[in-house]
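Both complexes shown next keep chain A, but they swap its partner, so chain B is in the first and chain C is in the second.
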Partner chain A sequence: MSAATLIARDELRLLRRNRVAVIATTLLVLLTLVAVATSWAHQRGIADLRMRYQQGADRAFEAQPDRHPHRVVHYGTFIFRPLGPLAAFDPGVDAFTGNSMFLEGHRQNSANFGDVRQSSLLVRFGQLTPAFVLQIVAPLLLIFLGYGALARERERGTLRLLMLQGVSRRSLVGGKLLALGAVALVAALPALIAFVAMAGQPGALALPMLVTAIGYLTYLALWTAVILLVSATVRRSRDALLALVALWAVTAVLLPRVVPDMASAAVPLRNRLQTDVAIARDLRRIGDSHNPADPHFAAFKQSVLDRYGVTRVEDLPVNYKGVVGMEGERLTSSLFARYTGESYAAQDRQIALVDAAGVLSPTIALRALSMAAAGTDFAGHRRFLDQAEAYRYALVQRLNRMQAEDVSYADDTAEDVGADRRKRVSATNWSAMPDFSFDRASGTDLARGALPGLAMVVGWLGGVLVLLALATRRLGERR
Partner chain B sequence: MTGQHAPIHLRDVTLAYGDHRVLDGLSLSIAAGSVTALLGGNGAGKSTTLSVLLGFARAEGGEVAVCGIDPAADPDGVRRRIAYLPENVALYEHLTAVENADYLLALSGQPQDRAAITEALTAAGLQERAWDQRLGGFSKGMRQKVAIAVALLREVPVLLLDEPTSGLDPRATADFNALLAQVRTRGTAVLMVTHDLLSAADVADRIGFLDGGRLTDEVVANGPDRFDLRALHARFQVGDDRRAA
Partner chain C sequence: MNLLRHELRLLARQRLTVFALALLTCLTVAALAAGMAEVARQRAAIAAIPAAQAEDIGAVAAWIDAKKDAGSAAYYSFHPTWDAPAPLAFAALGMRDVSPYILRIRALGLEAQIWDGDTFNPELALPGRFDFAFVLVFLAPLFVIALFHDLRSGEREAGRGRMLDALPGALALWRRRTGLRLALLFAALALPFTVAAVVEGVAWGTILAVLLVVMAYLLFWIAVAALIGRLRWSSVANAASLAATWLVLVLIVPTLANVAVNAALPVNQGAEIAMAQREAVNRAWDIPREETMRRFYARHPEWADSAPLGPAFHYKWYLAFHQNGDESVAGRVRTYRAGLEQRDAAGRALGWVLPSVGVQALLTRLARTDFAAQLAYQDRIRAFHRRLRTFYYAYLFRDRPFAKADFARAPRFGDVPNG
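Up next, the complex of A and B:
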């Protein structure tokens, strides 16, 4: 048995004989198990709920009676974003943004019903998910178990004792790394088992799961190396503990919460009210389709009449009100797209700032990796918003086209007793409408999105290992 | 074995900590199967000599070799050839006496079975009921005995002892000296630094007087009475007086 293995075995024996260490490790494993179980059950519950509501919304939409198409535009429908199995591991921004949306004409609504908005403020601190446990709690446990690994040996004189047995510094540090790494692996084991369980679920993608597993194991290896680096460098165990807890508080707790606020301050976003007011103002500028004197719609009307070679809307082969509805939707949607694009651009700049802070905090880098691989990052949310808007636009324009082609202008403007009946189209049309089907990102795309975060975590580990190698060379020297 | 081929060889070794010269041209050779005691007052350079041999301190000048290896160039290689018993024994408190010995011997690449370990612990004077007790409640003397057992079980050509009897009662000291005599017969070169003139006179083949980082005097055992204690004491006194002056 090599010296490193012997040292690792003894370090684990020391931890086994330390009641506090055993209890703390057991608690962490239990906590991770609970996090896995509750998060899994929560996500399964949400997925079932979303599926039930989606089916209910589809049924309600299809159960509409014969109806004027524009009333259907305003009747609207709900759509829900299905989440992948990894969302149970890391719900990411999903808890804040929500994954259901009400689609209707003339309006672009945002996603709704996020967990945080329906829960207490405590949820904002951090939900009990496997990702939270491994990102925040596991490093703290490793700190408490490993801060004295080398400092204790120096303090008690056993560092020299080990070296006197001909043990090289490299074997000594290697052995301690092995032992603490084994503890980290035990802490991560429930999550890894959950991973295996998730791999069998529908929608599970191998590549992002692999990247996530590598990312978290690298992150725990990084903390193991950081702990030994500090333990090798400072003079006393107590100083090592203080330094490591401070490092954890700053990099794992403070920065991940402060940096997004700083990014928000650096790149301010319009709030909902400001956006609504700006859109309303721009809509007024575009014009009013009900005002015959409105220059834009007057020109549009003329272009339609010219296209069909007639002089009156009554002579058009299509219902002009439906055509105007399509034009109005086109204009408002392009306006929404412009505002959304501006908002996305600002959010992209904010996210770039936060991601860059991964240089200061490996937890930020890991979080970016984890959410990207799970498809629960902003890019995943944006994918849902984009597809929802595309679906909404197609649905509304299809209904407008139905009004233009299936309801005559004469009936649409008539006000006699039977006019309301004649304005309606058959209810069979509603079930013919295509359902919303969320096109998930491919495994390759998710993994690619996670690579920058992974590169940062690996970079952190590389940097810390270099520093640890330098500290190892000076271990046991007189200072 | 003498000179450069001796297991322990120092020639004109110098070392200073800042302006303070700790070793000042120290020369010493210890042959296989012999015990040399270095006597000297505080600050004479005794512990520094051991540190240089163990590779924990680097000589600034001169020549140092342990079994032909320069400790500064290959400290791990040298340490594999040395068993060292420090004045303040540091062992693992979460381990029992047997586990400590087992662990340290395995690390040194010389694992021993329990029977050999308990035999060495007995030889070192540790009572059987303490073998499987964790070291947390051990006295200094008991720890010393565990460390002695480990040192004895290390079958190495060089044994370095730093005040080896400081934590032992007179009977344990006598037992230790007897053990040391056995070690000598195995062909081990032993260097012992101590204040204990009597113990040195009891086991050493040669006694060197260290003062100001250099060997000022040397006495070799002679005849059945080995050393003239009165003369030894007088020489030691001269060293003390010189330092006081």
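Up next, the complex of A and C:
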């Protein structure tokens, strides 16, 4: 048996005898189990609920009576964002984004009813998820168990004894690294087992799960190495503990809050009121559909008349009101696309600023990795928003086309007693409309989104290992 | 006094203490600055409303004036509402980053509008804001730990413990040392805060209340440190167990409690309200219009003497079924709101046993940034919406023309009294 293994075994025996260490590790394992259980139950509950709501909304849409197509444009439809299986591991922004959306004509509504506005103030203290336990709590446990690993030996003079007996510095540090790494593995084990269980879920993707597992293990290895580095360089074990707790507080608690605040101050977002007013302004510039003499709509009308070779809208083979509806929707939607595009770009810039701060805090890098792989980051939410908008536009234009083709212009403009009946189209049309189905990101896409974070965490580990190697060479020197 | 100065000199020689106090002061100042900047941004956004609104409503008024149709005016006019930050909001931003503080509404169905949110980046909101409340609740205890974990064990480990305890003024010595450290920590938090609060025009009573909260929270953590200190462990064991206590009280128990509260008090998803309201509203197109009007007049007899509907579309029917739709879900709204209030109450009740939650709840209450403040804003929106309806109905149900000048007569949110 090599010296390093012996030292590792010795250190582990010491930890086993330390009642506090055993209790703390047990508590962490229990906490992880509770987090896994509640987070999974929560995610399943949400998924079921949203699926039920979605089915209810689809049924309600199909059960509409005979209606004028434009009524259905405003009746609209509700869609609910489904969650991927990994959301049970890291729900990311799910609680902070609304999970339901009302889609209708000429308007782009916000996603509403997020958990954050439906929970008590406790939700802002953080959410108990396996990701939270591994990102924030596990490193602190490792600090408590490992701060003294080398500092203690030096403080008590046993370091010199060990070296006199011919133990090389490398095997000494290597052994301690091995022991603390084993503890880290124990701490991560429940989460990893839950992970394997989640892999059995339908829709679970292998590649992002692999990236997540590598990311978290690298992160815990990184903390193990940091702890030994500080323990090797600081003179007293108390200083090692304080320095490590301070380091943890700054990188895991402080920076993840400060950096987003700075990012949101650096890149301001246009609020909804200003966006709506700006869109209305742009629409007026293009043309005023309320004004019969408006040049844009006059030209549009002429082009439609020319296309069909007639001189009056009454002579058109299609209902002109439906045609104008399509043109109006095209205009408003292109403006929505432009303004939401600007807003998304600004939010992406904010997130890029935060992600760059992964250089300062590995926790930030890991969080980005974890959410990206689970598809619960902003990009994942945006995927939903983009598909929702595409679906909304297609649905509204189908209905406008229905108005143009299936409702005659004469009926549509009539105001007599029976006109309301003649304007309606058959209820059989509604079930022919396609339902919204969310096209999830592929495993490759999710994994690719997680790569920058992974690169940073691996880079951190590499850097700290180099420093640890340097510190090992000078271990035990008189200063 | 001399002794105190002597203690201060001793303290100033400890690099850790000096560094910790300087860092806490810096963090406090930074958090206050960040909070003030955010509140200034919110105030600027609110101040920018009138200009944008004037432009928007001006354009609507321009083309509606040709028809003088009150219904189109009601349909196309958006009216801004806003929730100005209270003077203390900078210290505890609470829910203001995820709940809208500006919302435009129309005189149509309110339940389809009042739950809308504003634009915010969810990834930035996720970790929570860096404000004074965060520095106090999360970080200040760590500084208490840094300054107090070796208060007595440090002397013991240096071999002076027994001697100090044997001195005649031993008790006074520990009191002096505790008091001095407490005063320095308090000053690092309270002085920057007081300056910021005075700049922001916070009432003196409120400032005093916050200072009391700060003092009480620091005392709690000092008491914890003293309790653990009595076990006569080594400095390093003290530090480790204090940090573990902090982890449990500030991070783990609140998150566990959040899971428990949400599981114990289920609320129906708000989406149900929106869906039910939309069914009720759209059904009106498929039932006889007289039925809608009968139902509306039964609840609002003040308009019942309005002229009967002709065959053509009339906006008073349109607005009436929107109001019927709101009223048909009023019960659900009450239940939903009661559920949310129960959750909030449960969260705050935890504050009585968990100081971290208690301080957060107190600060957000004083700063009017908590859930109750969001509800109060919703109540003001509802009151304003009632005025809007009454305003437009007076034209619609009496068939009065709505001219350009009438747009300026519309109720303004600023006139709604604070709930």
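Convention: the second predicted complex is superposed on the first by the 479 of 479 C-alpha atoms of A that agree within 3 Å, B and C clash if a C-alpha of one lies under 4 Å from a C-alpha of the other, contacts with A are read in each partner's own complex, and residues count from 1 in each chain.
Heads up, the rule we're going with is that contacts are C-beta pairs under 8 Å (C-beta built on N, C-alpha and C of every residue); 3 or more make two chains touch, one makes a residue touch a chain.
This structure is a prediction, so every number in the text was calculated from the model and none was measured.
S.K.: Identify whether chain B and chain C fit side by side or clash on chain A in the overlaid structures.
M.R.: Once both complexes are aligned on chain A, chain B and chain C fit side by side.
S.K.: Quick check for you: in the superposed arrangement, does A:378 touch first (chain B), second (chain C), both or neither?
M.R.: Only chain C; A:378 stays clear of chain B.
S.K.: Figure out whether A:237 sits in contact with chain B (first) or chain C (second), or with both, or with neither.
M.R.: It touches chain C, and chain B stays clear.
S.K.: For A:3, using the defined touch cut-off, is the partner it touches chain B, chain C, both, or neither? Pick first, second, both or neither.
M.R.: First partner only, chain B.
S.K.: Taking CA centres, what is the chain B/chain A/chain C angle in steps of 10 degrees?
M.R.: So the C-alpha centres give an angle of 100 degrees.
S.K.: Once the structures are superposed on A, label A:31 by its partner contacts, choosing first (chain B), second (chain C), both or neither.
M.R.: second
S.K.: Please work out whether A:52 is in contact with chain B alone, chain C alone, both, or neither, and reply first, second, both or neither.
M.R.: Neither partner.
S.K.: With both complexes overlaid on chain A, does A:307 touch chain B (first), chain C (second), both or neither?
M.R.: neither
S.K.: On chain A, which partner touches more residues: chain B or chain C?
M.R.: Higher number of touched chain A residues: C.
S.K.: Is A:166 contacted by the first partner chain B, the second partner chain C, both or neither?
M.R.: A:166 contacts chain B only, not chain C.
S.K.: For the overlay built on chain A, what is the smallest gap between any CA atom of chain B and any CA atom of chain C, in Å?
M.R.: Scanning every C-alpha pair, the shortest chain B to chain C distance is 14 Å.
S.K.: Jot down the residues of chain A that show up as touching in both complexes, chain B in one and chain C in the other.
M.R.: In chain A, nothing is touched by chain B and also by chain C.
S.K.: Please output the residues of chain C touching chain A within their complex, sorted ascending.
M.R.: Residues 16, 27, 30, 34, 37-38, 41, 45, 48-49, 52-53, 55-56, 59, 63, 78, 80, 94-95, 98-100, 102, 104, 112, 115-130, 134, 138-139, 142, 145-146, 150, 235-237, 239-241, 243-244, 247, 250-252, 254-259, 261-263, 267, 269-272, 274-275, 278-279, 282, 285-286, 311-313, 340, 343-348, 350, 356-357, 360-361, 364, 370-371, 374 of chain C touch chain A in their complex.
S.K.: Which residues of chain A touch chain C once you look at their complex with the stated criterion?
M.R.: That would be residues 20, 24, 31, 34, 38, 42, 49, 53, 56-57, 60, 64-65, 67-68, 71, 74-76, 78, 80, 92-93, 96-100, 102, 109-128, 132, 136-137, 140, 144, 147-148, 237-238, 241-242, 245-246, 249, 253-254, 256-258, 260-265, 268-277, 280-281, 284, 288, 290-291, 343, 347, 350-351, 354, 371, 377-378, 381, 415-417, 419 of chain A.
S.K.: Can you list the residues on chain B that touch chain A in the complex?
M.R.: The touching residues are 54, 56-57, 75-77, 79-80, 82, 84, 86, 88, 90-95, 103-104, 106-109.
S.K.: Using the touch definition up top, name the residues of chain A that touch chain B in the complex.
M.R.: For chain A paired with chain B, touching residues are 1, 3, 6-7, 10, 13-14, 17-18, 156-158, 160-168, 476, 478.
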